[in-house]
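One chain, chain A, appears in both complexes that follow, with chain B as partner in the first and chain C in the second.
Then we have the complex of A and B:
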């Protein structure tokens, strides 16, 4: 095993930070705060996994958070109008998938560049949500729905269990299925993938559908946790999810990225933000620090990739 | 060769990790004196957390100033922290971390009142006193609600100011607002309309309220259109802190300072240039510094079990009004900014 791979290094950083925070931040290593963090992390984690899969194909999904808001608003509207929890959730997921299909159609079938398509659909989804809600929030869901985002199974928060399940399933999908391997292949070289007889259109279409599904799951957790749906809920996760995916070692030009890397990266973001909040550091400084870390990691990745290149040359 | 490359990447990573750690260590050090000053819970000093909608905008920077003054004066530990974007999800995280930090009071200005209800309940379960300021939260979870202004008084006041500026109580007026769905703005507009209907029946409101997306540029453009379409317009009421500036810009450009009167919700520093040439007649708002001061003062009282009373004199703020429910506090009447006094404020 290569103990110096990107993922192992992330693991060391994670462990190091955790240890540091435990030693120096009062209140960090307490049951209440640890559980608190397990509640906070899944939303961003799930969106980041969706973003990672898109990045693997050298694409990007700028519409992911507003698609989540749209799905959330649909679920919320149905719930407040007396529909049952499963029906509302299914409708939310279906809405998100329809949005993902729209992205996928223009990107995979028509061939428009992902950044343009998703920039357009981002505004489109935001517009639809504004039209539906007039900018107001929708709230007041049944008790059973709020369990999804706020409930504990034993001592473990339910959202983190959902996140863990998704991470495991995605890991299997990417590594053990034909679709997963094609995603990596497509990211490395779309033309060669096409000429190997792979239906690349279908592969890419599924990628955007997967991202949309992640948006829906994140939306369900968020609306349940906050007992509210609104146009800008989770909007700050857009750039964060790209940042987490990249920090997790995902190559922005496609072809490389691992689930475990993204999971560790979201953990690192979580520990830093919680630890520094507990210390009372200004949130602007926290943002700055995260930016610095991101640039640092990108720099390392760049240097090591360059090294590798000159080695093989 | 391969080994060397690995060595390189390892050393760089170690450097980064070290950088991270020192980064944190530095943070730790800078934070330490504050901790020391507070002395944790041992010396019984209260810790009050004030959470704005977002940090880093002039309005909330001004309230931070007031909150700090009050904290210094009253000898309480103040944590003024909020999200860097007006996203409810981020605000909830900030509050969750404050619960972990075991503060005594949380005073929050919600981005989305409903979204905060679960986390505020959690805070209450942990024995933390919960209150809101600036913008109301779910009334069932807060023990105290600090309002800067009485919405009714404020909405009616704006119409009075406009009539005063126009010099007559008959004519055509238009309403320009920030976001069409902003609840506080809509409440004020409704009270203003009521005031017109009840007190100034000769004032005619033309058209619907005009939304400007909280953008000065849009307000400017739409006011230009408005002036063009209604050459006989006498007055404009502008709601949200940027709409009056855009409207004033349009009036200024068309040289209509003497023909069209404008009254708006605006900060004195921003509106000073327009007040000076008369394109904006009066800006009216509350003092956000005082609001911060009042919030911390009442938070301390809340922690000590003291209830606010109607007509209570709060130092540096003035007389406050308490509504019949015993927990809704109104800071006082609005402050009007004109070309004479706008220079005296630094927000």
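Then we have the complex of A and C:
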């Protein structure tokens, strides 16, 4: 075991921050606050896992949050028009998957670079949401739907259970299935992967479908928790999800990244923003701090990589 | 002539021409001088930022902090205007401080990208959230209107030498200067060389880190100029006014035929990209199309343009003389 790997270091930071906040922030280590955090964290966490898988293939998905908004608005529209909860959710997921297929088609089949395709589809999805909602928010969902984002199973919030299940499944998918290994291979060397007889088009297509599915799940949790859906739901999560994935050790140029790293990074984000919030620090300062942390972590990575290099040389 | 026909600006030029013709036929207002000047004036900020972004993208980089940098500088302009109220110096101070602060902020991006090899999208993402947070913290999101701006600045904003708004002239001057820089100076040719092939450029004696420092600082400097133009255009300062604008800037550059992986991009192409976005928006308004359709049309056009570009490039590659390589 390498106790100095990126993931272990993230673990130490997570534990250290948790301890600090518990000791110095009144109200942090209280059941109410802890449960609150478990309600807040899954949205960003699920989107970040979707983003991570895309980053593994050296891609990027700028459309993920507006795709989530689109899925959320579809679910909300159907619910408020009297459709049942399962039907509405299915329709939302199907919409998101269609959007993911559109991304995947242009990226994997046509071969346009991911940042351009998702820049276009991002604007496209935003437009569709605006057209559907006319810029208004949709609200008023049945009781059973709001349970998804606000309910407890025993003492555990349902959203965190969904997040945990996704993290476990994704971890298995990435490490134990042919698709998962192909994703890492593709990220390291697309040409070599193709020449090893792997259908890279299909691998990449599934990556964007997976990200779309994550967008749908996050959308369902968000709409259910806020009891409303509108165009900018979750839009602030776009750059945050990239930041979390990178902070979690995912390489933006593809090929490296672990589920546990991203999960710890979301936890760190949540602890910092919650703790500072309790201390009465303004949310803008927290934004600045997140940016500083992102750059700081990358600088540390750079320095340690350089030191390792000079040792081997 | 054949060079013009093969250029990647042609496609977008043709789309722009078709769109303009259609608009001229359907709307009597479109082809009036006033309307065209309005389009140019309304897109001067986008144009200036897109020109800077073209250089960054040519080197294979990207700068998602431009919107935050521009917003931060509009706030600085506002603060300067208030503290120096209505002396002739306030204008001088604004025109000196804005590009200078911009260049310094850009230099920070440049240092992160050039010295530490942090991927540009991540490095600028970090500086973006720091700057955006700082801007909102300082201003509390409060809006400033024209009564806070000095008389001299307002007169400048209204100035129309030769009947053309000074804001449009600034946009043209930036475009012309950058075009000259890119095509006829050593640093400009180094930018293109680095984008084409960094290793060859290095072996040819180009110091890549300096080139990177230059493009990000230049981008920042143009963001400062764009901030002046924006403040003059809206006659106010809105700290939230640029949310998400960086993606529009990138879209304009890409529509203009620049290759997002680096190596290719041109100032005329970028201007066509800016004009296409501007004309489209103007046309949809003139045609009384629901504003909600604007994003859908913009998104569809981006998708079509980039797909066309890739298909064309693939076809060119297939048509090239083939060299058999023994395995």
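Keep in mind that, in the parts below, the second predicted complex is superposed on the first by the 303 of 313 C-alpha atoms of A that agree within 3 Å, B and C clash if a C-alpha of one lies under 4 Å from a C-alpha of the other, contacts with A are read in each partner's own complex, and residues count from 1 in each chain.
Simple rule for what comes next: a residue touches a chain if its C-beta (ideal position, glycine included) is under 8 Å from a C-beta of that chain, and two chains touch if they have at least 3 such contacts.
Just so you know, these numbers come straight off a predicted model, no measurement behind them.
**Student:** Put chain B and chain C onto chain A via the superposition and say whether they clash or fit.
**Tutor:** Clash - chain B and chain C, as placed by superposing on chain A, overlap.
**Student:** Is A:292 touching the first partner chain B, the second partner chain C, both, or neither of them?
**Tutor:** A:292 contacts both chain B and chain C.
**Student:** With both complexes overlaid on chain A, does A:142 touch chain B (first), chain C (second), both or neither?
**Tutor:** neither
**Student:** Taking the superposition on A as described, I'd like to know which of chain B and chain C A:278 touches: first, second, both or neither.
**Tutor:** A:278: touches chain B, not chain C.
**Student:** Using the superposition on chain A described above, determine whether A:134 touches chain B (first), chain C (second), both, or neither.
**Tutor:** It touches chain B and chain C both.
**Student:** Quick one: name whichever of chain B and chain C touches more residues of chain A.
**Tutor:** Larger number of chain A residues touched: B.
**Student:** Quick check on my understanding: which residues of chain A belong to both its chain B contact set and its chain C contact set?
**Tutor:** Looking at chain A, the two contact sets intersect at 134-135, 282, 284-285, 287, 289, 292.
**Student:** Help me check something: in the complex, which residues belonging to chain A touch chain C?
**Tutor:** 60, 62, 106, 110-113, 115-117, 119-128, 130-131, 134-135, 239, 242-243, 246, 252-253, 282, 284-292, 294-295, 298-299, 302
**Student:** So in the complex, the part of chain B that touches chain A is made up of which residues?
**Tutor:** 1-2, 5-6, 8-10, 12-13, 16-17, 19-21, 23-25, 27-28, 31, 34-35, 40, 55-56, 79, 81-90, 92-94, 96-102, 112-119, 126, 179-183
**Student:** Which chain C residues qualify as touching chain A in the complex?
**Tutor:** Those residues of chain C that touch chain A are 62, 64, 112, 116-119, 121-123, 125-134, 136-137, 247, 250-251, 254, 260-261, 290, 292-300, 302-303, 306-307, 309-311, 314.
**Student:** Which residues of chain A touch chain B in their complex?
**Tutor:** Touch list, chain A to chain B: 4, 9, 12-13, 16-17, 20-21, 24-27, 30, 32-33, 36, 39-40, 43, 134-140, 146, 150, 222, 225-228, 230, 232-237, 273-285, 287, 289, 292-293, 296-297, 300, 303-304, 307-308, 311.
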